[in-house]
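Structures given as structure tokens follow.
Here come two complexes built around chain A, the first alongside chain B, the second alongside chain C.
Showing the complex of A and B:
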């Protein structure tokens, strides 16, 4: 009988270990310089989880697309578009309008990839630019003057029983995705298509429908994150999504998902997102300059992958 | 099939790219009051050089079936480095340039080593190393500024006559009004292609890049040195991106570790490569196509400047609409390649590369 530690995925084990390491190093630093250990306080950790829920939501959607062996580079402006639409519409329909915007972008991405067979990397890149163009026309190039609605503010910054509401949103959507991946045919098809699309097609899977569904899920997650982010800062602004694309991909990959598709768990993605947010937070508390942060950030991704993400060695 | 048909079949993507460029740039030259003049060519080629370099850089990894998301960062890193070392006495300037080019190739080589020997996916490795290179760029140039040799700046960013004027060399009269009007950046690109790309493409290693991109397993089984080809592809990608960074430093006379700009160059390089006829699945295409792809992308934005704001198509020149138009044209261009999907008889062929 294996111990429970051996049952955890290798990537999750290493990522969790690294999270603890980051916290310990951060604490030693503050203990020496300030005489306090802020990084183990529940308040700090809850606050970080709240920040991580935005990245976590985006990474959740991204993972669904990456499981298929595709990628969605339109996330930054999908997020911004949803946030701007939501704040512009306002009132009770704000969130619905934002999610609808995400749904439309997801449908366009999915149709482009599924029917036109354009490589997703270049098609979503094009869609990203088009949506950016639309938003610049919409706002006139300035920061929009509209504000987020009270519900959005509550979802992003509120607390229920001392726990940030954003965490509940993340948990609810994450739970849905886990159910979808493990308990529905759609989940099986996602893994099957990620491994070998033509085999899934010949087995009678409606591959086009699954592709479109995956891109819609990704865009909806990004749109939800955009709505939350708008609530978090009480407004939408140009370029609010630009900082989330690469960390989201990194979170998915650090969590053990194969970038070529077919393999990965949501638990890994969650741990990956938390790791990246904590790393950024601890480095900024340590007053590391931007240059050092970039270098450490990149080195950590490569280091983690070298430990457990390597491909099989070719045998002749 | 006749030889001509075979030749066309393997090169039609390149000709399409050249055709697209001629169409877009032709429209621009026709509408521009100074269209066709040497001064305008100099200006346009200056504006295109850096994108052309990163597009050339992106081509090689894409040919091997990979991707390099660090080309913009390498470009920016070398830009920051050049603003520190390319100044002073002529010897120092020369050594500075050598240092920049070597660092660029080294950055690419490191990418290649991690990908080949670390057995990791190129897209994610270069994503991470891109952050590292950006960090180094910020160390080298925390705030925009620095100094680049002024003479060299002038010589590299105008026409060939300017090289003679700058360094006070005697200028032959027959040269001044003919060859001397050719923009220097154009000559630099041609030199890079003739000295680096053409020999590389015809070497065993260069052929190997195409083979790896077409069918890595088959290339390996045929005894090709797959690892060496991929290492060479990423090293050359670094070098090409570094040339772009060096040129940007000469053009602006300074260095700037601009993160959004690096990202924009990386993404545009992918678009340029695709428009230039290189398949994202690898094995098909080449650097020359990417050059035309990059120039087409640039020429699209040139066009917005010359439409008469009061004319019937005046709305096109509205600066607010430009990002939308540029995006739409990019999207249409990449979707146009999907035409084959509708002529495929066996749907199984859809899933191939």
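Showing the complex of A and C:
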């Protein structure tokens, strides 16, 4: 019987190790310069988890699409569109309106990829631009004057028993996705199609339906993240999603999901999202100049992937 | 053979190509063994053989695509070791492969000159010179009317074939190899290609010609060589052997009784599947067949005559077919594999198990249950205990040799992988099983198990359509065999008619003189 440590995926192990390393290096730095160790305080960590839950939600949806070997580049404006729709509608229907916007964009993405057979990278990029244009029409190019509803504020910034509510949202949606991946036919079909779409199709799997469902899940996750982010800032604004696309893809890949599809776990994606948020936070506390932060951030992603590549070759 | 060797020594200078003791192994599989072969200057030399006789390996070795495991190759008397097709063409050996190698979005001239375009003094491609070269070459193949500036994709298939020949001529070959060069052409177009080839022979060019069309060879070739099981059987001048003798040479081997006995069906089998006048995209022409309950019918013929397509049509993969598919007397419009599976209880064991049948990196159990998940789901959730029980039952029933059901299916041997594909489908409760060359690359022992399994399935009420490139399988397994030729069923064999002579003759669309074993009482 293997010990539980051996049973953890290699990428998760590496990523967890790297998280610990980042925290230790950060603490040593602050200990020398400021004489404190802020990065081990529960408050700091909870706050980082709260920030990570926005990225984590987006990465969760992105992972479902990447498992199929596809990608969704429309996430930034899907997120913004959902946030703007929610704040514009306001009231009790705010969140529902935002999620509906996400659902529609997901359906368009899915149909484009499944039926029109346009490569997802191109199609979703196009959809992203179209949605951006629509939102500029909607706002007239100015910052929208509408505000988020109290429930959105609570979900994004509130606390339940000392724990940020956003974390509960992330955990709930993550739990649903884990359930879907591990217990339902849909999950099995996702992995099967990611490995060999032809074989899945010839096994009588409705591959188009699965494709559309995956893009819908991704867009709904992005929409939910948009709603939370609007709650966090108390408003929706242009470009609020622009910072999330590449980190979300990086989180998925650092978590060990194969960018070509067929392999990956949500646990890995969660660890990947936390790693990215912590790295950014520690680097900024260390007052690393922006240029240096970018260089380290990019190098870490490339470095982790190189390590995984090596590890996999050794296994096989 | 002794005579031949003596003859060869007498006038070596007359030979453009000599192979001595050439063997080629792929892993444990011997594709060619100890082949001695030679080819006279200025002749059209045809190579004959069944699928898998070693013809393709032979031309790949001659044209430098693969290197022989042992033996020597001489071109014009000089020993050569070609590391690549480019090197082979430097010595005048040029091959036109079965699939056209033209790039559709480039112009005719660009395609013709692609390997070594003429350059101007700046090292850039000299377009004007390129057009001139292309015009000359096109004139040589009687295609002066083709505009060298035209994009290849705008040309009809027959013209493309001519451009392909012109391109090969541009490399100034001494030996031109044509691998099934006419397989895509209609009879009228084929005639034009013949004229060109005969003209080239007059110019002193040597050609190695590989074709499955017997009448083509009769019309064109000066000499013929027969290959079988990777061995060179005999080389002779045209007319020296009768058709019957040639077929005898191609079959040659005995087949052992690895097959279970066939039952004698009474005439009235319940018809489960009917196909009426099915046509698709020029690759299937008015195919009609019926399949009875408990029956195994075979699809024979050479590779690529439409057998693969008819199976895909029945499984709902082909879109826009014409004609009718009837299940239990009721017409159905087959739209997807999912529909074929759920409405028709049809299963397809695809041609290429590694890319179409299996998700290789996934586990054995995931692969077996993938087609049955909808049946194993309670509410939203896969019933994992029911799934595990069913999988264990299938592994037991099919005697699949595995370590652990969690292992990747890629770790299994070819035979066991194929059993996994079949297990996947039997688990769905499929009643009609379409087998697309199911024993390709599988060891003899497992083959025997599969033959028994096919017969057991038929006896328990399944109906099977078996496409095989191996004649023995058709003879040993099938109650009836339909022979395909250019998308049509040209002959149906039943009972004792199913023998190698008839199958080979029908596959080549060739009339046989005299003894037709067992056709008439």
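Points worth noting:
One rule holds for everything that comes next: the second predicted complex is superposed on the first by the 308 of 316 C-alpha atoms of A that agree within 3 Å, B and C clash if a C-alpha of one lies under 4 Å from a C-alpha of the other, contacts with A are read in each partner's own complex, and residues count from 1 in each chain.
Criterion: a residue touches a chain if its C-beta (ideal position, glycine included) is under 8 Å from a C-beta of that chain, and two chains touch if they have at least 3 such contacts.
Because the structure is predicted, anything quoted here is derived from the model rather than measured.
In this overlay on chain A, chain B clashes with chain C.
By the touch criterion stated above, A:292 is placed in contact with chain B alone, chain C being left untouched.
In the superposition on chain A, A:137 contacts chain B only, with no contact to chain C.
When the shared chain is aligned, chain B comes close enough to touch A:253, but chain C does not. With both structures placed on the common chain, the touch criterion links A:205 to chain C but leaves chain B unconnected. Looking at the superposed arrangement, the partner reaching more residues of chain A, out of chain B and chain C, is B. In the overlay built on the shared chain, the residue A:188 is in contact with chain C alone; chain B does not reach it.
In the superposition on chain A, no contact is made by A:13 with either chain B or chain C.
Under the contact criterion defined above, the residues of chain A that touch both chain B in one complex and chain C in the other are 198, 201-202. If you check the complex, the residues on chain B that touch chain A are 67, 114, 118-121, 123-125, 127-139, 142, 220-221, 260, 263, 267, 270-271, 274, 280-281, 320-328, 330-331, 334-335, 337-338, 341, 347-348, 350-351. Within the complex formed with chain A, the residues of chain C that make contact are 315, 317, 336-338, 340-342, 348, 350, 355-362, 366, 369-371, 373-374, 377, 380-382, 384, 424, 428. Chain contact summary for the complex, chain A toward chain B: residues 71, 73, 112, 115-119, 121-123, 125-134, 136-137, 140-141, 197-198, 201-202, 239, 242, 246, 249-250, 253, 259-260, 289-299, 301-302, 305-306, 309-314, 316. Within the complex, the chain A residues that touch chain C are 183-185, 188-189, 191-192, 195-196, 198-206, 262-263.
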